[in-house]
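Look at the two complexes coming up: chain A is in both, with chain B in one and chain C in the other.
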Partner chain A sequence: MSTSKHGSLLTLDARTKKRNAAEKRFRAYGLGAIGIAVAALTMLLVSIIANGASSFRQTYISFPVTISAEEIEAAESALLKTGAYNKIIQTGLLAYLSERDLLQDTPEADAFGMISGEAGSTFRKFILANPQAAGTTFQLDLLANGRIDGYYKGRVTAETAVLDKNVTPLQLELADRLAADGALVKQFNFDFFTNPDASDQRPEAAGLGVAILGSLYMMAVVLCLALPIGVAASIYLEEFAKKNWITDIIEVNIANLAAVPSIVYGILGLAIFINFAEFNQSSPLVGGLVLTLMTLPTIIISTRASLKSIPPSIRDAALGVGASKMQSVFHHVLPLAAPGILTGTIIGLAQALGETAPLLLIGMVAFVKEYPAAYSDTAGLFGEAATALPVQVFNWTQRSDPAFVERASGAIITLLIFLLMMNALAIFLRKKFERRW
Partner chain B sequence: MTDYKISAKGVQVYYGDNHAIKDVDVQIEDKTVTAFIGPSGCGKSTFLRTLNRMNDTIDICRVEGDIRIDGEDIYDPAVDPVQLRAKVGMVFQKPNPFPKSIYDNVAYGPKIHGLARNKSDLDEIVEKSLRKAALWNEAKDRLDAPGTGLSGGQQQRLCIARAIATAPEVLLMDEPCSALDPIATAQVEELIDELRQSYSVVIVTHSMQQAARVSQKTAFFHLGNLVEYGETDKIFTNPEDPRTESYISGRIG
Partner chain C sequence: MLPLSVPFIATAVLSVLGYVVARKRALSVAGGDIRTLTSLPHQHGLNTALSTLLPPLAVMMVWAIGARIAARSDVALVPENPTMVYIILIGLAVTGFVLSLLRISTSFRARTASEGWIMGLLIFASTIAVLTTVGIVLSMVSETLNFFGQYDFRDFFFSTTWSPNFRGDSDLGIIPLIWGTLYISFIALVFAVPVGLFAAVYLSEYAGPRLRSVAKPLIEILAGIPTIVYGLFALVTVGPLLRDYFAEPMGLGQSASSVMTAGLVMGIMLIPFVSSLSDDIINAVPQAMRDGSLGLGATKSETIRKVVVPAALPGIVGAVLLAASRAIGETMIVVLGAGAAARLSLNPFEAMTTVTVKIVSQLTGDTDFGSPETLVAFALGLTLFVITLGLNVMALFIVRRYREQYE
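Moving on, here comes the complex of A and B:
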């Protein structure tokens, strides 16, 4: 029997009940917030993967083609070379269809229309790369037209084909017969990662080759410039600079720069690097320089934070045995801060990799069909026009053919995989090199 | 006059507007252990750090007065603090080994000062320093193990080995035992007594028993003033100043 002034410990008093209820409510809010975040992430992933996963598989038409050395010579001397190669493809296709009796009542032109407009140039590249193929018969895998591809991905049906001037129901029936014959197959789409962009009429041939290359070049520029400049600036500000109002102003401004909208950097890059310094438009060099400006504050802030986190006792210890300021920083503080610096740099790079707006302003949204060289005599280092992954996404989403929606989602998945890999690397490096004391 | 290793006259230290050390005069002898005692915030650590110019790293700190080691003014503009700190080693309150191997911890100082011509020279210095710091027997089989993996007392002895590896002439110790248990403290105190053979040792301590045990001279600081300085026996048995007496008998502090 409890008679103390606190009452029994076995029954909760009103105040305790209230406190417990508040705690329970707070936990519920937290769970709710996490639930919403997880749901949003799931929705994002599901919608992107549902739209884009199919872009990694592509419909190809596969049939035997014969080409003689004379035909090659004639095609190479023709005015429209790919047109001449197209003729040879069409002859091959027609021979195959009549041999297997697949054509039936489909007009020949419809049959030819099932092959991608890109096929002529694909074939030509193949012949030029394999001249020993002349005079032989060989199996050729050619991209099917975007609508035929769409038929196997559910975008095109017999009903929509009636209204679509780019595809006829007869073509779809022929496609079914080809598929039954094993000549029409879906394969993993390597071309998606290596092909350059293609025109509005040829979504099936559009790839990320130029965009991936452009993004890689820009990352190289950003890494080579932003890391040394950012780390040097941080070390100076954190370890050497006197703490006074000038360094205070610099610190505040670096923090502000990190929050400047990225499109502002695009305008800056346009004015300084293209109009003033006259670097090439659309070049990864300019893109990289703009992204460097954008990434520097991120790198400086994270580097300073990791330098700050090194205990002062380590600096004292180094100074105490007679190390100079610079020796104490480079022998002891910097190696200990390295994991943090690396993590910050990789996060900054990942941010730069996904950046679109500033690149639009410096012309990286152009249609680029040629792979940019890392160095050329006329354009210099990273001076040839290129696009970037996020810009390619932006570009494709503006096109009317629904096949490009699939491409854009596929490009987003690719971009996300790159970002995930970079973040995984950052986590790995942090875990591996992190020290405790 | 020349018997004194360190001679300080009229030393004033300011942290911004705060006058932390007020007009301190002290003469420290060679091959002697000198203890600085006094309540927290009395300036004893600050004064210790003026002796190897560790206060230079604090922007707002300003030192005035005359501090001479072997007759040379260590605040002369011609003096490079790096050279000074090779001559005046320091051991800190909290054991602070570098997060490197035991060997590298000791070898770092000799390396940056160019004290070893080759690897075997360096090995010798490392062994000698670890022996002097009474750590050799415990550490000889694990020289490649990280210094931070040692126990607290071992870490502090490693820091002492690191400090003496640069062959200093003066060793400053800022409460070297405050983070150690009584057994490790006893080991370090024994070590300090041995180090007296070769160095002038200046130790800041909060423990009056420790000051009485290890030192020959004791200086009592209070509120930035050097209240009394003399033979340890005399300070603890027959202090001249009433403040010293109150402090050692536990009435203030």
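Moving on, here comes the complex of A and C:
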């Protein structure tokens, strides 16, 4: 063995060992990189879900309330209607607490403070919707204050309550007694999806209603504009355009527009649609137009790819039996490319649904409490102020109350579920209609 | 602005009517035997419908834009009298309607005529992309010129302080913003490029079909997540984590929002971008090159490092440039993760700010479009647009050149 200068094939020499070790290391780096990416994804999702899942359940205080027809009349004619209803709620709560002997040494004001400030208007809406309730006693589920809700979600403890001027330890003790009595319950929070945004002091009442509606309106605008325009542009560029410097410019343009930062589209929207065309600020119309311009390149690129995948023999066959070029495209190529176009459009819409930055610039951060109408005489089509899902998330991250972080994460879970559904639909369509030529 | 809905609805109704009438007329001209017609009745109908609808629609659009320009510049470009506009529009529609009906005969090629209109629509649709770019450039250039009329451009480009003051007398130097932008993008790329590249190499050269079918979609999910989600992740999780376990123990700062927070989270966002682009590029390297290297006795990793990656290098550089352009233009992650203080510092655990953050903060809320504090956002936007445009064009050029090399 020692006589051979080149070593044996059976025992590895130092150089081979080194090379094999390098090979192993290289593979480990590769696996490590994939591991980092997957770990980042897991951490992201876990963090969002851990923060936001609790927003789907909300603490309610449930107790019997009696209201007479006279009381309704008096409350409706009062200057502060919700204030009058609040009084009735407080009377009901007090009666319930003293009947069960739950109040003990808690001051009455503290007990009233446990109910959300939103309760008066909730109660009023309920009474106006159910006038037959007058004169009867019925069980009322009212939102608990954000701090009481936070107590059951681990955000607020007896220690922090001492330092917090919005909640007292006595309130927490009362809450425990109420919970033991069955009057304090956690329920699925439907209001989260239907309520409009609420003020800084009432995180418990804040919901996504206006934001979901605004996002839906914008998606409608994007779908109605971006799909036809995108498909028409792709047909021209792919099927008809001759290769010359003009079409070259258009091509480079589209490739570049797909990579322009989204905030630049916001500046465009502000300058053209709001300052120049004077459309309403923070309206879904302007948001939809901006998102349309943003998604057009995506739709054009994917539509061209699916047009390109249709074999020329289809076109030739149509032309051979006397169809014009236009007929061959509209009667044969386009229907065959439709699944691919649809998939690309859904992915483009999903992108538009999650986009935030340009919407900030066109004023969609505004605090909107009224549900926007699709059409109104004064504001026109989609002209009433609205917000959008991702913008609502941003809005809530800017509030000081930590309960809004929970809301923001909950809103993101909702947004991700929408995106998941859209992408699943796109994958389903692709799998179902995909055709290899 | 006067409502255009009346003439619009009128032309639309006339156009639908035109379709029906033209069909009938074509059939009657043919005497019931459509074989004598050069074009099908429905093509005659389409031609009439489009001839009625499109000219007034085009005029409406031009007129609406002209009216806006006129309103802003006090020049009478277009007649403001609504009745006159209505008469012009309805007249155009009726002319198109009547003329196209008169042309119907057995020898009239309605198919060619209607396809001419459709072709016009297709061409118009494809110019919208160009119009968008023109709109972006025009709107930003005009406001930027407006800004430089009020604020010296030398101060904007070379001053190192950024302290806007809405009562006037602000310092609006772009250098600290550019510094923050580049620093954050640099950290993001330092994280994303190796991870993305190694992931792409492993997935295309080593991984079996099973791992590939699981890992590739998982990485691509990262690309489909909206940036606001990354922003919240930076704000709620990564920022406090970095502050509590790195910045404070090392005495580097107490801020949760920092260059490091934004950079790392942006890096995560860029991983799928780098990896999917590199994956395409690595797959485009011809198999013969790998076989040659392996045949000479090189190990797989040596083949990758000495043959595949050098061959793919131009494409990879292009991918990195595209990723850099993404990083520079990213907004939500830096708005939520990087902070708002303009600062020139080397400490990555300090809050800094970027061009995009300042565009958002100068243009949201109550803005006065006469003041330099608002107009500066357009100058910032134009700078951002020019930088990203340069990177994109360079990257597209490199990638295209590279693809041709092996085709």
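The working rule: the second predicted complex is superposed on the first by the 407 of 437 C-alpha atoms of A that agree within 3 Å, B and C clash if a C-alpha of one lies under 4 Å from a C-alpha of the other, contacts with A are read in each partner's own complex, and residues count from 1 in each chain.
One rule holds for everything that comes next: contacts are C-beta pairs under 8 Å (C-beta built on N, C-alpha and C of every residue); 3 or more make two chains touch, one makes a residue touch a chain.
Everything numeric here is computed off the predicted structure, so don't read it as measured data.
S.K.: Between chain B and chain C, positioned on chain A by superposition, is the outcome a clash or a fit?
M.R.: fit
S.K.: Could you let me know whether more residues of chain A are touched by chain B or by chain C?
M.R.: C
S.K.: With the two complexes superposed on chain A, say which partner A:K242 touches: chain B (first), chain C (second), both, or neither.
M.R.: first
S.K.: Rounding to a multiple of 10°, what is the angle at chain A's Cα centre between the Cα centres of chain B and chain C in the superposition?
M.R.: About 50 degrees, rounded to the nearest 10.
S.K.: Return first, second, both or neither, reflecting whether A:S324 touches chain B, chain C, both chains, or no partner chain.
M.R.: It touches chain B and chain C both.
S.K.: Does the superposition put A:L336 against chain B (first), chain C (second), both, or neither?
M.R.: Once the two structures are laid over each other on A, A:L336 reaches chain B alone.
S.K.: Contacts for A:V405 in the overlay, against chain B (first) and chain C (second): which applies, first, second, both or neither?
M.R.: second
S.K.: Tell me which partner A:L416 touches in the superposition: chain B (first), chain C (second), both or neither.
M.R.: Only chain C is touched by A:L416; chain B is not.
S.K.: On the A-aligned overlay, A:V264 touches which partner chain: chain B = first, chain C = second, or both, or neither?
M.R.: After superposing on A, A:V264 lies in contact with chain C but is clear of chain B.
S.K.: So if I take every C-alpha atom in chain B and every one in chain C after superposing, what is the smallest distance between them in Å?
M.R.: Between chain B and chain C, the minimum C-alpha distance equals 7 Å.
S.K.: Kindly list the residues of chain A that each of chain B and chain C touches, one partner per complex.
M.R.: Chain A residues touching both partners: 324, 327.
S.K.: Please name which positions on chain A make contact with chain B in the complex.
M.R.: Touching chain B: residues 242-243, 311, 313-324, 327, 331-332, 336, 435, 437 of chain A.
S.K.: Would you tell me which residues of chain B are touching chain A in their complex?
M.R.: Chain B reaches chain A through residues 52, 54, 57, 59, 82-86, 89-92, 94, 96-99, 108-109, 112-113, 148, 159, 162-163, 165-166.
S.K.: Quick one: which bits of chain C touch chain A in the complex? Just the residue numbers, please.
M.R.: Interface residues on chain C, with respect to chain A: 1, 68, 72, 111-112, 115, 118-119, 121-130, 132-133, 135-136, 139-140, 143, 194-199, 201-203, 206, 215, 218-219, 221-222, 224-233, 235-237, 268, 271-272, 275, 299-302, 304-305, 322, 325-326, 328-332, 335-336, 356, 359-360, 363-364, 369, 377-378, 381, 384-385, 388-389, 392-393, 396.
S.K.: With touch defined as at the start, can you tell me which chain A residues reach chain C in the complex?
M.R.: 19-20, 22-23, 25-27, 29-34, 36-38, 40-41, 43-44, 47-48, 51, 228-230, 232-233, 235-237, 240-241, 249-250, 252-257, 259-268, 270-272, 275-278, 293, 296-297, 300, 324, 326-327, 350, 353-357, 360-361, 363, 365, 390, 393-394, 397, 405, 408-409, 412, 415-416, 419, 423
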